[in-house]
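Each of the next two complexes has chain A plus one more chain, namely chain B in the first and chain C in the second.
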Partner chain A sequence: MKSSTSLGSLWDTWGITAILVLLLAVAPVLTPDFFSLDNAQSVLRESAYLGIVAAGMTFAVASGAFDLSVGGQLALCSVVSLIGFAAGGTVLAIVAALATGLACGLLNASLITRLSVPPFVATLGTLFVFRGLSYILTQDGPKTLPYDQIGSPFVKIGGLNVAGVPVPFVIMVGVFAAAWLLLRRTATGRRVLAYGSSPEAARFCGISANRLRLFVFALVGVSVGIATLTYITRVWTADGSAQDGFELKVIAAVVLGGTSLKGGKATLIGTFSAVLLISVLNDMLVSEGVPSAYQRIVLGGVLIVALTIDGLRTRFAAPGSLRRALSGGRTPQPGPAR
Partner chain B sequence: MTAVLRRAPLLLPLLGTVVVLAVATDSFLTGANIENVLVAAAIVAVPGLAMTFCLAMGEFDLSIGSTVSLAGVVCCSAIIAGQPAPVAMGIALLVGAAIGLANGLVITKLGVTPFIATLATLVIVRGLSLAYSGGHDQIVSSAALKYLVGGRPLGVPMPIVLAVVATAAGWWAMNRTRFGRWVCAIGSNREAARVSGLPVDRVRIAVYVLVGVAGAGWGLLISSQLQKGNGQLGMGFELDAITVVVIGGTALLGGRASIVGTVLGAVLIETIRNGLNLLNTPPAYQRISVGLLLIAALAIRGIRRAEARTLPVPVPEAAR
Partner chain C sequence: MADSSTPALLRVDGLTVEFPGVRALDGVHFDVAAGEVHALVGENGAGKSTLLKVLGGLHQPSAGTIGLAERPYRPRRPADATHAGIAVIYQEFNLYPDLTVAENVFSGREPFHRFHRGIRYAEINRRAAELFATLGVRIDPTAPVSSLTVSEQQLVEIAKALSVGGRIIVMDEPTAALSADEVTRLLDVVRRLRAEGRSVVYVSHRLDEVFAVADRVTVLRDGRHVRTTALADTSPDELVRLMVGRDVSAMFHRDDVAGGDVVLELDQVSAGRQLRDVSIVVRAGEIVGIGGVAGAGQPELSQVIFGALPVKSGRMLLSGADYRPKGPDDAMKAGIGFLHEDRKAAGILPDLSVRHNLTVSVLDKVRGLFGRLLSPAGELGVFDTFRKRLAIRTTGPDQLIGQLSGGNQQKVLFGRALAPGGRLLILNEPTRGVDIGAKVEIHHLINEITADGAGVVMISSDLPELLGISDRVYVLAAGRIVGHLTGDDRTEENVMRCATTGQRVFSATVSG
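Up next, the complex of A and B:
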């Protein structure tokens, strides 16, 4: 009995990592030059902005909410950052990206805490608002990094390598390390998980729901701000349509990693591996020349398979449930998705 | 009057918007323009009504935008391949039903949460649609397909006829049938519904099939308007459908639904879009206004709930 439960909790944290290792093991067979320096660097660089936002989103999901506005935030941060760069160079560009992200997060948080709008609707609304603002700021065409500025430190963030490791990936690892410390080694992290597993119980324990949600959504905003630094210096251009559908990709990565959409259970290791898994899969499909239409089908399929395994596991996690299921009895359903 | 407003609170902002637009523009209160607004509202109302059942059950279907695209592509390429238009439309609706069935089965039988399951089918169905259309427009010229939006039985535009029929059917199903009761019961407490012996899984699957078919119907209407199918159509439409329902007053966490609210929500959103168009506002502002409207609708409800909570009766925190 004991061994099966510990196997289950091992799978919770490391399951997706195991799948990633498996995929990496077969990758060179399917794509001969997968581990070439160029390709590996490009995979890591590409995963950075998704990963950084996913790290922040892990906290939101762990608290039982999610932020649908991150795509709009990324577009707005990128546009504002480019405007900042044009006006004041590297420093202003970085400050603009981070400040915009924080402002977006605080706006979401105040809608949720002050006006008691449910997070789903509040962030769905601000998704429209942030994208709209980005469109307004780019009415005379998309903002771009000027090519003659290729030597400036800001532009280099996206392309530079430190000892062969791309800087965006270094930033992503740093963000995950900080996020892990925050989640596992501070009272705030405990509170997020406590609130996620039962807001009512957390309230009775003296956790302020408003302050907690303010923190979580501001954190998501800041993570988008940091992600912008690695994103915009890689793609060089942004307008209101930048990264359409980004929010769903981020949430998919978090959930694929093993963080429960119901809240109260989070794994940053899982999120990290899931982000890499998505990037590796993407890269393999692209270098195999699979048309982008089929790439979507594969990624969606992976998501369903991973969540099915998880769903079946939860369903049969209760002692004796497998026996009951086999004897034709009704098994308890996994709880609603909240 | 107050009784009417309590049952349909959206009438007030709707009337306000109409008055403002009537004063601010010359062309808003013309017959042709009002017809435009109502046709646009009718087209969103059809999937909105189906989505009302889904939200009343406490669940979402995010895949509907991709269904719109695939249904249009399937219908148009069937017509191009020489099928008669009614057969092509039938095939498209069946494809929608199949997507809904797949959603329902994955959610109920495999235990994947609806949000993720339909997110995955959103991506997959979009991929199918792009692959099937080869990334090209499937341009058709079919009088029968065109009739879906352009037809005027008894002088009334066809989408309005469809929406009225769908509203009547939806209202009846939600308020006068066992099915509607079951949907709301599942939405307010699924476990209680299951223990009471309701066929929870079957009802959920049925609702997803309903949304799938409605999504396909939406796709046919869009393709009828544009006279083409395309793998890129319908992106982000899932949010439109959900927005209309949420503004209409259906509880986000399930258990309570307003069919009339959904229809009014559709009319309100399309009135505002139309007004912003008439005022020559760039599309960016239209997005912003839809977002603000969504937030405002829920903020007003949240404030009301907060007032209710100050009563000495313990009210459980319903919204998380």
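Up next, the complex of A and C:
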């Protein structure tokens, strides 16, 4: 029992990575061509937009909130970006995606801070608003990238490789590196963790809740904007229904990675590994020919497992607690007064 | 009085508890006779709370035995302790903020209605009111716990333990948050419990309480048993020596203050539910105390100054300039440091390490090479400074703050308030829960920062501390300033007179 804490924290950071390595070890057995260049590239390319948004979402979850509207944001950013491309080419497409993401994030933030709506409610509402807007903009059919533009730099983002590594994956790695610096090496990142750990104590440390939430939700929006660049150049078409259920996939990845829904703790390494895990799992299901309905059930299972682990994790605090947790005993652990 | 010939009710032998990197208890023995009050003393981190948590079934020892009435006692969960007749008042509160006082007192043991299976509210409210009557306090059993002051929360915890009706009542620093008269009444309750033949294990850093109420005392140091003795056979000085391992001079040295410029001025400020027309002045280099009975508005006053409570009317001036903070962030930018009185709910950041808990107030100052990124070395420097100065007992900078003993958490939070080093420091209960040595050190530090030209506002329910440290004392009663004591007028009688009767006492030598 002595080492339960250190073992616990080791699991927090590396547990999901270990499972990923295990999965990669068995993958070729089930899917013989899993490590073929084509397949590997496709898995990495596919993981990018999920990963980029999950990196942003890690900050929201670390601050004790989450953003349910990212699916709607992705659809809206994609549609607006395609409209931008049609009107002004690569530059406008990129600017449109990023600006739309930022605007969505700022709208969420102002609903939460100005109207004092809980993040859960506010972003559940804007999820529908953003999807609704996307439908309105695509009333006369989905927006698409025209085939004759295949040579434009924008369209190439999704398909290009650098030394065999897909560009979307390179972008994702860059986003994670930046996110890690932001979280671990800046005052803002530290404040996010402090606020998520105890909003009341954070207030008396001079951390402004409004400014913090503005930052966090804007960050999520920008991350969706960046993800859009890798997403839309891969699927080439978008309307209001794009990536239905995306928000749950993102939250599942973050929580599965080891970031606690209670806030205050975050691990970007965990998020990164969990994103790859979900993508690998997805790829295996697809190449085994499992129908998409069953793929959703698997995702649901992953979400339940992630949340169960998150719940168990909080019980490993005191020596002897593992035994108590297993024997079903309960300790009165009300949260701090907030 | 118990001696070795009377059979012990509770007997602990060779008890060892290990955490990663520390042995909190190392072969400790300890026994309690029926009808005895047994005090447990030691420095911050000596292992007192750990021992009590083992008795309460929260921690499992790695070695050792416990006997209760000659039978082995091995609690695995809190319910085991309750069944065995052991009620524990823990140092950290375990209250549900959204439930009522009475629901908290009887949580897990609510009497249910025979027909509709609902909680019998009339009954728990009545019984809670009776418990508070025996404690001599007025707390509304139907009020939500989140509306209570820290001292009221402590009293709810005490009522909770008393309601169990156990044969051994274990109290971990029950008086750390109580005012003088509440302490007096609690000690009466302890004596009554003893008269009823029950045993009490009593942990406190206040030796006067220990001498007033306990029969025997056990001293712990570094997780080891040092001595158990009858209080009649020892003295406070000897106990301190046993706890610390050396002599501690409790003398407070106050450097002469040259009445500096006015740092803070409140002019007829009203705020919150009760603060009315408060006018105070704080000069550079001064320690200004705020006294009064609990709930007279001291936390509100400190929070108004820190921008955490909006001003309704009146105005504030900082170094002569208009000062209207929109929040604590504005106050901190203006050079004000703050220590909250509620360590658990508004102090510690439980998921963060000791180092990060300390440096959260100076994130703008521990920047590294690029100007924007935090410097881990800079943060370690801050950590090292305060760990040495305040003797913070921790396995290292990355230990979670929740794993520190209560007094060591308090030291970290004091360091956090002090670290920015601005022009004004607001300290709510700066020495709550710290041991004698650390208390002296904190007083030295307060003295030092005033020598550097900062003004200090100190709120303390420990009257001797308040009067001993402060240069001047304002007394609050029901949200109004009813007294201002300087020089020889700073006496306990004067403070109590204004605080309880509302009689106004203002020293002639009003400065400012």
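Just so it is clear, the second predicted complex is superposed on the first by the 304 of 338 C-alpha atoms of A that agree within 3 Å, B and C clash if a C-alpha of one lies under 4 Å from a C-alpha of the other, contacts with A are read in each partner's own complex, and residues count from 1 in each chain.
Simple rule for what comes next: contacts are C-beta pairs under 8 Å (C-beta built on N, C-alpha and C of every residue); 3 or more make two chains touch, one makes a residue touch a chain.
Keep in mind it's a predicted model, so treat the numbers as computed, not measured.
In the superposed model, A:L181 lies in contact with chain C only, and not with chain B. With both structures placed on the common chain, the touch criterion links A:A202 to chain C but leaves chain B unconnected.
By the touch criterion defined above, A:V121 reaches chain B but does not reach chain C.
Of the two partner chains placed by the overlay, neither chain B nor chain C lies in contact with A:V21. Once the two complexes are laid over each other on the shared chain, residue contacts for A:L30 go to neither chain B nor chain C. By the touch criterion stated above, A:Q139 is placed in contact with chain B alone, chain C being left untouched.
Judged by the touch definition given at the top, the superposed model places A:T308 against chain B, while chain C stays out of reach.
Residues 200, 203, 333-334, 336-338 of chain A lie at the contact with chain B in one complex and at the contact with chain C in the other.
Listing the residues of chain A that touch chain B in their complex gives 64-65, 111, 115-122, 124-129, 131-133, 135-136, 139, 199-200, 203, 240, 244-245, 248, 251-252, 255, 261, 291-297, 299-301, 303-304, 307-308, 310-312, 314-315, 333-334, 336-338. Residues 17-20, 58-60, 62, 76-79, 94-97, 107-108, 145-146, 306, 308, 327-329, 331-333, 338, 340, 342, 344-352, 356, 360-361, 363-364, 372-374, 402-403, 416 of chain C are the ones that touch chain A when the two sit in their complex. Considering their complex, residues 58-59, 62, 106, 110-117, 119-124, 126-131, 135, 190-191, 194, 200, 231, 235-236, 239, 242-243, 246, 252-253, 282-288, 290-295, 298-299, 302-303, 305-306, 316-317, 319-320 of chain B touch chain A.
By the touch rule above, chain A contacts chain C in their complex via residues 1-3, 5-6, 181, 185-187, 190-191, 193-194, 196-198, 200-208, 211, 260, 263-265, 317-320, 323-324, 327, 329-338.
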